[in-house]
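Before we start, here is the structure in question, set down as structure tokens.
Labels run A, B, C and D following the written order; every chain starts at residue 1.
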């Protein structure tokens, strides 16, 4: 396990689906920031299941408590403990799963790595693990907003092969994103996506998608070459999320087909600073923010847990049929939107503080 | 700057194009490994410029010296200092660049971040920086080979829109990859790629491409959820390389269009262990190696430095024309192959040692 | 704040005197270790105030809850969240302290560093902060006992100028240590120490002391030169505890007066291994455990908070009188014994896992 | 091995007595600092052997080369590679040592830990290893001087039982320290110390001593509770040096005998800030610098390598006699003075940058 992230804004997450709760410790939050649970709860609410008929109907309130690090409504500069209690603790009702590893899930690799078959251990590979990140990242978002006015907005840009049309990342708001249950801000496409998810759900199947994200007003100069380049941090962050299979920034894979003369972003004066005419770079040059908006995309595979019958083998290699009981998310990407945003904030705030250390 | 990588196999790189040299310190290499410069030089040779008419004609011998950590042909368990001397140290002959930031290069962001315009600083963002990684990674490859018989093979899977045909990643060898100067193992396509690069070169332009990589025989159980999942480490590693814009593992972005019932890899018995019928996962489940081959792809943008005239601005925002002098790589991907391999080895060896720490 | 400790067995602590509670997250605990609150509570009980008339009469039950990482009585290999709730949360009743920094306490430096005067922030510099360490260290002790049969025993070797007589560190038990409320295992001296503390207490004053510690059966080979030598880790650990002013291992400061020919520990065969005739080294050679018992001492200054009137200044530099209200520990060293032990365990278990990573 | 130190000013050292050389990579040095070898060489010169008849007559020039990170006399903000070439590389002439572990040296524990008997590996535990630290620390000293006008002065406060008399740490200069070959600034005692060392030397023996150190003008606010408290960092740093057995700050062990009312440092106004009447704390409160001078002492044991005949055993446990050939330092403390200073600078500069990160 490596459940710590960050150099100066350090987050340590904990918790499984079972047990008392999930949460995080945030070490390195600046002192004297106004902070209460109300700053954190909204992103947890956007993350939680049961928000619409597109997600699992499990109802989890996911109320966060601040355990430490805040007094009289302000941060002390000491570690902030964050806890979200599990509502429903039933270790042991994962009968079948303890015998048969779910295909494309982590049951088998957790067994090999940790030598146990505990569903809760597998539970650490579930989406519930992300609660600690979201809570810690919501604080990071507040810091970024307060000190640099940074805006981070993610949205669903595709589900299956249904693609969001043109979106202006310079103007997009979270309100626009949340206007539809799919979190696709293109009204013409959003309902088509929802229909796709419903069809998949009714077929006891699942489907993947892509989440895009923009970070606006990030000052030039953030990112720590060579190993902690801004895009390297984002790539690690995104690929550490459950169910992710790909990351691209700026022109991404499509950019590999361009000529340098097409791809290069020519500099222009923008006020007191330089900017670029185009932004194929996605807001980073040499691993350092350029002042242009940071733009990246993350690929989420279809959810592994499906109701459809699957012919697989048990832990001993004997043939077995797996049919997930209950109702699961047929598509994770709408709920992934706040997770991508808060995880992005964790990357940015750490690089911000590291850059701040240079201002001697 | 953050030029250290790894938790137990820790690499610290240093060096610019100018100055005495480039290199790395490797801390955490197991003791009693047979090691000499001859183990490291081959990957440096595959990385160096001037290997064919497709790359920059600059000739750099890039001979590595082991400064410490090895005695009587064996590692001591102490830090291994590695140095490659620069042949040609001419600080100051980057006249134009000190006035005009090269479009899509790091000149501007280094200026903002470090407050200097030294071409050598920008030189840390150049491909030459990767020498330290390659040298350190070549040692990592030897460890992985010796203790686990792991094979890492990367190849060029596309240049521009010319795509490599079917390749069997289970069988592919470095010899096959090196058979053509493009490092594309598909003979039918390789020459077409080369032709594309030559056209681009003759037009004083550049072009991007994709490098694929396979890691065979990685044991199940490597990877440290949640933040140091195997794919998160690879993503960070790849996006920390110069000119990279994307990473995908297994099904990647294409997998987002599949249904769960199509995408899930069903388990089967393979000898004493479980394996999967398909490998959309790309060899990882829940951030941990599954025992199947690890498969991923990295996107490289077209090289930023081109001879073509570009209408841009200088550091003060005044209009300026940039035309890179001299000859530069029109396409970086053939030389990126050993860089991808060795960087991959750095990720794997660190996770290997971390998993070893569990074998109480 | 830097509230994380360890490379592979990583502990992140949190919590002030006020707020909901104090605790820790342990990341890197081996899987399948039998663990419950009952393994942790005893050291917390030995640490808590109110155990005798020598300590503050504040009664704190300090009951620990395991929030995560354990299922069916066994560790999962995932992070273990640990929480001890604060009984008595009264932010704001530290009136005087918010105006006048307590002499030799951290009020002033916290104000300068964090820009706040919150008593809870200062509370992070109080002994209560150590609860998270003790809880995390109690788990470390269990690991060390189970896998290597290691025994860690600390005791009070002096209070003021009253010194414990000869103790055989090879035989000493925690029961012997706990036999007297001073935790001095020398019955002839213990009562004299207690009397000293009572006199000091009745004078509204405080007094310091020294805690000694032995670690038995630590295998040869632990410690990571050069910066993470075993004694360097212990020294950091001890000097990170509240109120500590000194650390010495083996012969310590007294050894500086010896000749090499007196100080050198000559090797002898001990079973299958080498041992030494004497142990001036204190169980370490070159930063690595030698197989001999590890022996070190930690100096604790007199408690800063005293009832006696002190002529000092307020935060604005104006003359002020400070008289601590309530009852405080007149001598911290009896309660420091389990803190030293568990902190030692945190150092050892991390080095144990790092050495394990070498056993390829 | 763990040869990296620091969070933001990160130093990675390498090198044995044999091999090409010893050195370090400094990652995190601020950009645009004027720097050349001339800034580093003086402390290396003060460290090197052969400075007087009190030290080993081995002559080592120990000339440092800057490999990278500096251009046109200024730091680039990129990693600074530092190399000191070994003059005299004779692996293999340590015949006896390869059969018999030197008492109180690391030969035995390196054998157990790394599984090899290479004298060079043991050489990593020798004083030569400190060259990389001194070089990296000399740069740190320059930063501390330039940005905060900090002065670090260490001196020999005892050799054997010969003790330096009263010294005013607020006024002491390196020139005063270097005025005598013992580096004891008390002229009345220095020659007596030298005589002691000569007697010991002539008896083919060795002797220990204590090095004191003062850091003046360190601003209040440095230090990162709870694990990276300023004194915890210093304690780790000092105990990571070869031959050290103890550390104390401020009142240290002697302070344990005082009452709180004697020990507490009462606050007074000092200009715009608060200061204290006394400084039993040694310049730290709650792990954070108070603005008062930081004062600490480090115990060095007698050098383990002595010419006197020692009755010990070989690696197989068979009786053997060890008599070190050649001439060795009879007393390490005069040469330890610059090592203590530079190691202190490494601790301070890292905490300085970490505090700087808070100045949002």
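Just so it is clear, contacts are C-beta pairs under 8 Å (C-beta built on N, C-alpha and C of every residue); 3 or more make two chains touch, one makes a residue touch a chain.
Keep in mind it's a predicted model, so treat the numbers as computed, not measured.
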{"item": "Chain pair repeating A-B, as identified from A-C, C-D or A-D when over half of the contact pairs by residue number coincide", "value": "C-D"}
{"item": "C-D or B-C - the one linked by more C-beta pairs in contact", "value": "C-D"}
{"item": "Length of the line joining the C-alpha centres of subunit B and subunit D, rounded to whole Å", "value": "39"}
{"item": "Inter-chain centre distance, subunit B versus subunit C - centres from mean C-alpha coordinates, in Å", "value": "46"}
{"item": "Geometric centre distance via CA averages, subunit D-subunit C, whole Å", "value": "26"}
{"item": "Residues of subunit A engaged with two or more neighbouring chains", "value": "1-4, 7, 13, 31, 77, 110, 113-114, 124, 354, 358"}
{"item": "Of all residues in subunit A, those that touch subunit D in their complex", "value": "7-8, 30-31, 77, 147, 353-354, 356-360"}
{"item": "Residues of subunit B that touch subunit D when the two form their complex", "value": "1-4, 10, 12-16, 18-23, 25, 27-28, 31-32, 65-72, 74, 76-81, 83, 91-92, 113-116, 118, 120-121, 124"}
{"item": "Subunit B-touching residues of subunit A, taken from the complex the two chains share", "value": "1-5, 7, 13, 101, 103-106, 108-110, 112-114, 122, 124-125, 129, 158, 160-161, 200, 205-210, 220-221, 223-229, 231-240, 242, 244-253, 255-269, 274, 276, 280-282, 284-291, 297, 299-306, 308, 310-313, 315, 317-318, 354-355, 358"}
